[in-house]
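First the structure, which I've put down as structure tokens, then a few questions once you've had a look.
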Amino acid sequence: MKKIVTLGEVMLRLSPPANQRFIQAKSLDLEFGGSEANVGATLAFWGQDVVHVTAFPEHELGWSASASLRRIGIDTRYIQFSPGRLGVYFLENAAAHRSSQIIYDRADSAFANLNPDVLDWDEILGDAAWLHWSGITPALSANCAEITRKALRKANEKGVRVSGDLNYRSNLWKYGKGPDQIMPELMDLTQVMIAGVRDFNQCLNQSFEDFDSVRDFAFTNFPKLTHLVKTDRESINTSHNRMSAGIYTSTDQYFSKNYDLIPIVDRVGTGDAFAGGLIYGLLHSSEQEAVELGMAACALKHSVPGDLLLSSLEEVQELAQGNSIGKIKR
Amino acid sequence: MKKIVTLGEVMLRLSPPANQRFIQAKSLDLEFGGSEANVGATLAFWGQDVVHVTAFPEHELGWSASASLRRIGIDTRYIQFSPGRLGVYFLENAAAHRSSQIIYDRADSAFANLNPDVLDWDEILGDAAWLHWSGITPALSANCAEITRKALRKANEKGVRVSGDLNYRSNLWKYGKGPDQIMPELMDLTQVMIAGVRDFNQCLNQSFEDFDSVRDFAFTNFPKLTHLVKTDRESINTSHNRMSAGIYTSTDQYFSKNYDLIPIVDRVGTGDAFAGGLIYGLLHSSEQEAVELGMAACALKHSVPGDLLLSSLEEVQELAQGNSIGKIKR
Amino acid sequence: MKKIVTLGEVMLRLSPPANQRFIQAKSLDLEFGGSEANVGATLAFWGQDVVHVTAFPEHELGWSASASLRRIGIDTRYIQFSPGRLGVYFLENAAAHRSSQIIYDRADSAFANLNPDVLDWDEILGDAAWLHWSGITPALSANCAEITRKALRKANEKGVRVSGDLNYRSNLWKYGKGPDQIMPELMDLTQVMIAGVRDFNQCLNQSFEDFDSVRDFAFTNFPKLTHLVKTDRESINTSHNRMSAGIYTSTDQYFSKNYDLIPIVDRVGTGDAFAGGLIYGLLHSSEQEAVELGMAACALKHSVPGDLLLSSLEEVQELAQGNSIGKIKR
Amino acid sequence: MKKIVTLGEVMLRLSPPANQRFIQAKSLDLEFGGSEANVGATLAFWGQDVVHVTAFPEHELGWSASASLRRIGIDTRYIQFSPGRLGVYFLENAAAHRSSQIIYDRADSAFANLNPDVLDWDEILGDAAWLHWSGITPALSANCAEITRKALRKANEKGVRVSGDLNYRSNLWKYGKGPDQIMPELMDLTQVMIAGVRDFNQCLNQSFEDFDSVRDFAFTNFPKLTHLVKTDRESINTSHNRMSAGIYTSTDQYFSKNYDLIPIVDRVGTGDAFAGGLIYGLLHSSEQEAVELGMAACALKHSVPGDLLLSSLEEVQELAQGNSIGKIKR
Amino acid sequence: MKKIVTLGEVMLRLSPPANQRFIQAKSLDLEFGGSEANVGATLAFWGQDVVHVTAFPEHELGWSASASLRRIGIDTRYIQFSPGRLGVYFLENAAAHRSSQIIYDRADSAFANLNPDVLDWDEILGDAAWLHWSGITPALSANCAEITRKALRKANEKGVRVSGDLNYRSNLWKYGKGPDQIMPELMDLTQVMIAGVRDFNQCLNQSFEDFDSVRDFAFTNFPKLTHLVKTDRESINTSHNRMSAGIYTSTDQYFSKNYDLIPIVDRVGTGDAFAGGLIYGLLHSSEQEAVELGMAACALKHSVPGDLLLSSLEEVQELAQGNSIGKIKR
Amino acid sequence: MKKIVTLGEVMLRLSPPANQRFIQAKSLDLEFGGSEANVGATLAFWGQDVVHVTAFPEHELGWSASASLRRIGIDTRYIQFSPGRLGVYFLENAAAHRSSQIIYDRADSAFANLNPDVLDWDEILGDAAWLHWSGITPALSANCAEITRKALRKANEKGVRVSGDLNYRSNLWKYGKGPDQIMPELMDLTQVMIAGVRDFNQCLNQSFEDFDSVRDFAFTNFPKLTHLVKTDRESINTSHNRMSAGIYTSTDQYFSKNYDLIPIVDRVGTGDAFAGGLIYGLLHSSEQEAVELGMAACALKHSVPGDLLLSSLEEVQELAQGNSIGKIKR
């Protein structure tokens, strides 16, 4: 089986239990997560051969972060232990009319500081079928932008398919470059792009007004692009969303079923679960199945606490087929 | 007050806290439960004189299981401490689009191994008004089928009313007999039968297509049958169900109100809460009140974590009457 | 900044975790709360200068109660440490068709026993802009009724605005006086009154049939009254309510948006959050903004466990303006 | 088997987890305990037929208290549900140089308020072999003193053996009588008395200087006395004590082994575990075995969190015989 | 680096939190452990290339068990998912005069049922330097005895060093064979044997009276034996032990320092930590360092909750050298 | 009452529960602490008027840190909300032979970044009797060194007494200055100095061999020095230490009792508890009482989880006098 490579920061996630506010917390639930590793975890849990590339500090919490990936079945051999902090994000998981909040504390992490030269992409991507990146990584530091660039160039050179989740974050991009200076090249090297109108506008410094214009632009300007993918979310409140997704090629479009998500247990990582299902579907099946699998994985993730989906492929396929929702499995 | 006798296995229930998946659990919530003892617990909590008959291994967890029944007010004097394991069931209590899962680990339990000769049903049923059994017991082992047969025969001989919840479980019946070899005799000895179309088809190796046919067949072929009882559940998702129930005699039918159950805290034991309310109603009141009491108990149980209803009779009656739902009681 | 004074008992709140029933609890979550201090906490959290007046026993739990107020920013200098118990309330926080329950154990508390002469209202109300009381206090004991009377008289004398939440509780008023012997004088000394039809009927021994009659009566009979305020709550079940609020002057009325509250995390203290928002609005803005701010605070409180709102002013204003409900804030 | 009757208040015990101080607690561990019921629990756990007499308020926490006794195997049929509070005690369980603290909040409890006339001691003591009381009960209220007096008189009349643990508590005796007005009669009706020099001095308003004087006085002045029993505790610190015990008859004395208790998990209820072992030994064996069994039960209790011993008879006997201490039992 | 292979059952470990008794538990702490995998975990945590061989049932808890090994860095590629249960052990972790207890519930596990033919030892042991087994495995079932025999024969054939911890357990050996029918051949194939006098007597049906006789017999009768290893433990109580260890060759002996272990946090797995340190020392260093490293690992494990050591090599070496015990590392 | 001013960083403390290792943690206990604020907390808890000066980021966790100080009674009016992170320290609280570990993650904190010009020491120290600082602050950043220098100069100018705990930390001092460039001036401005031989050697780049030389040097070279204070700790293991303390003037010396500390619950903050007791004693009593109070506070802190002493003055005085250690207080 050819391997899937994911690249990105993994942070310590600290979150008050139940629906407590930060200011009420006497303890914080601990786990580790990061957008791209979350994608890899979905795929590794489904038996795919996944390698994650990141960096951690050389102390017990860094080891613990690495162990958390290995536990899910991710190959951690290319993880670097190098100078810098362990990035942290504090999550207040809310409900109903209260919005969830994230306090990021990720500056100066081992990953943000990572020297691009220590990663041998020729080796890492040897025998790989797929590389997944997100727009968070080039937003972290010049080093991380360079790491992404090197990875994508090598992947294109070797014929490894590349998916990217643009995932624009306004509170990043603090190192002197704007997204429009970095992202266009990376987008050009990406075959499967997950993005909405806002992502395109921010990354390209454009002002598209609807997704149709984005789609026209994208397939015209990024000749390697094969699939443009978008999820739509309607927020009734923090505990109640409605979602669906679509895959667009230059000629066709494929839509998932609609999901009425209530109650939402944990929204973080739902887009990553989608991306995991999408990649699995595109690797092993059709666009229609890919969008259904992605959206079912996304829907299921809303019911699982933490960053990771942790659902078997069978469980996701069963939901994608709409069978026996809500029955007790014995 | 004449006593109510319940017969069946009680297991150790182990469940990840909150909505965690099994694979996330660092601890498991512990309690004890089993379908027939859950029915007995509802009735004992309402002041009825309830005796439960089962078996446990002679070690601290077996004592603890027995203590958990005694705590609720169940008379434990006929519980046997005998060779075999304590049956265990692992429950992943899910939400929204994720289905709850049960991993049973109950083979070779003290109850499944119990020698039918050690139970003196003449004594146990002395002064009893009611005996409740379920289709789980004869499915466990030849010994358990024989225990059920002896209990039902003696009950009929002594004029003790018998209720049975057919509760067909496909993952049981592993000891060489099929349900159609065992269940017909037991059904014939039962006056109040809780069952749906699928239960009848599996237990009698039939293929009824609707409940009307089941009802005709049942009142024709089981002359001792006085009440056929059925609950209907529509599953929107794991956290949202709709339910109602009906009692059928050979000539009449009685329906409960409809309940819109959201959010569901714990679905396990809701059918047992129904049966408890039903038996109470049939013992002390009319069919109409029995079906309302059963369904109100069932609805309330959806909001209580664990196997047991733990609601007072007054609380259930108040819901059955539809008063002041959702007000804080001070 | 002129200060806001709140007066009332603060109790130890003990509550089974998650949705457990009392009888399932192996531990109880601990915090401190009381209607008027909850109002003060909302205002102190928003940077107002708040002084709370109450009494605690002189032991570690009394100190802890006092510390819990100081933590939120409330000035505790006038809190008395005096003979009597710490009032306790046990709360079973339920869901769906199960009603939440409160067992009060507050008799003979340090506050109920407090000698009215130890409080120097001239000093306490010096430099104050607002005094808030509720109908719970005069219901506790003759001492507490006298304390309230003294506070309100002095406030009116000094030109401090007075708000009162009538909040009639039938399980109080055990000390030999009825509400109609005490409340009329206190209502007459109150400029901003939060009350519904039932409160008026109980406090004045009347039988108004609708709010219009109450409003007519109130503005006719209580000449100092400037604002009559009412919240309306429809209870679908314990986890699902609908709410809105209105402010009435003798000539005008101002209504909030409607809120569909689901799922409800904790309903206790939601009226107090409303009062906090209301007072802030009346002090700093218009009636229309006051009713929206109060109702947004109230809605948000339904999503926060415990007695206190613990939401920033910005967070409440954002909800009052209806922006981006349910988005993750990063 | 003849039954053992125990009489006394059972309180809600609320305790910060681990070694937290009260002021750190975000939750309190909950259980129920009281000196005499703790004695009964030891005996019921060892298969004795134990009846406990007390009173609880008629609400969920009162039912829960009663259920906690029934769980251990105590017969709860004579427990009264009557007006008054549930007594509470808050325990801070400390370590090393920090002393543990108890805040009692037990005034006005259902038991303290209990009408002596509702208890029919002729029936309760019918078929009883033993009655156990403690000096806490007559210290609670005039009613409780009268209840104890009636129980002891009837026991002596019927030939039921009486044991009493004098257990003088200076923070009780608030109802207008001193111990010297009440205790002498009760002591005179007691055959087995657990007491030290201080207890005798306080209860009789004497000033004995050593235990020998106490012993002489006791056997001279209380002609029914058969056994005077004393435990000796040396406190190195909160986590480290040394203990031994002695039984004295008018002619003989029997001493236990010495125990070096470190680390102490929970000291509360250790004297009650002793009394349970003592009574079992005196009922079924010799004085020497009684003092060893009592002291072994006491030592074991120091390692068990909560009020109750919860050790099997075999476990206690094994320790009393000094075998294989500290080995893992498989 | 040549790999180390460990063979043996891994169970679900369920344990009441803190020092609770089983009968007090409302939840059980969950992890996975087994003697030989614990040894492997120590070595994998120290960067050794470790492969563990076992079997699990194909369900979420089986996956979770496997994930727990992978997390520590153990290679799980040879783990079988096959019919049978997941073995469970319930551990009551006690203190002071109370002994810890284990309730085993491991019969009929996937590992006990494993078909010896599915393991290809030629492949598994390819490139291996060491194989570790224990006397628990051949005691589980005839299949497991056969698996052990095949593994040891192949290891000897391939020149892989074999260590075995005899670890006699009287509550196993239920499948019709006694240890003296199985163990002699396995011992004969083992170069490094961890055993005491009792193990030798039980496994060989002998009655040696002291270790010197055992040593003479062992080196005479098992010609492949290079190292006989023994730990000595003195149990003051459950929380306080004293320990040391010795390695014996046919000509020499090497002793560790003595350790005074107080307070003991968790004794389970301490022998496995010893074996891990021992194997590391024998592979990489001298006998003297091996016995010190093993004993330091063993001492440290007494302070770590759970089955696993989870200490770095540096941490263990530092203790072995006796530096700065008890200082805070910053 | 004249106030006491403390200056220093307050961090988020995150610690695995019970004795778990970092790598085992599924949640982390949360509180806030820092050496100088811990000193202030002891004094505020004893009713002293304490002002703490520090800086936090402007987000919920920064507010929570500030609230945690206000809760204890510390005046937080001079706390700055300014750019930078919230410093974090991760603590693994160990036992027996395992050493506790701290992972600091405090670089770039709001306090380290604080502009010295925003603090008006003339105002802050107005009406102050005492200023306490520690060697941690000047080690954090050039800004912090400058803040300390300004505070100490102004204190000396205004006649405010200054105490300093040298507390040399080798893992700080990363901003380009060594302690010998900064500390001599600060020491020269300090009247009460807590320090040992190693602190002096590191801060002054000296190589004193014993404390007598240090003392001679100190009183000769720092003419304002009135008291040199030292604690001595012997580490048997992590759970067992022995301690005593001494105060030295130029002419006299005062020693505390010796304490045998076992078991240790939490060692962090014990030196700060000592300093708090010392300052209280020097402000209100004699040197002899100061050293006893400091050492008793220090001993007690070893039994309290977290950074803070949280013991009343009475409790500490009682231990200092050696009365009734280990008795339950009722």
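Going by the order they are written in, the chains are A, B, C, D, E and F; count residues from 1 in each one.
Following the convention adopted for this analysis, a residue touches a chain if its C-beta (ideal position, glycine included) is under 8 Å from a C-beta of that chain, and two chains touch if they have at least 3 such contacts.
Just so we're clear, the structure is a prediction, and the values are computed from it rather than from any experiment.
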Problem - Type of chain D:chain E copy interface by residue overlap (half), same or different - result: different
Fill in the blank from the handout: From the listed D-E, A-C or A-E, the one duplicating C-F with over half its contact pairs the same is A-E
Practice task
Just give me the whole-number Å value for how far the CA centre of chain C lies from that of chain E.
Solution key: 62
Exercise for the section: Return the distance between the CA-based centres of chain A and chain F, expressed in whole Å. Expected result: 44
Problem - Computed distance of Cα centres, chain D from chain B, in Å - result: 41
Problem - Multi-partner residues of chain E (each touching 2 or more other chains) - result: 17-18, 21, 23, 26, 67, 101, 263
Completion exercise
Within the complex, chain D is touched by chain F residues 17-18, 259, 261-265, 299-300, 302-306, 310-311, 315, 319, 324-330
Problem - Complex interface listing, chain A residues touching chain F - result: 14, 17, 21-23, 25-31, 59-61, 63-64, 67, 85-86, 88, 90, 92, 101, 103, 105, 107-108
Problem - Complex contact set, residues of chain E against chain D - result: 18-21, 23-24, 94-102, 104, 169, 171, 235-241, 263, 267-268
Fill in the blank from the handout: Residue set of chain C touching chain F in the complex reads 67-68, 70-73
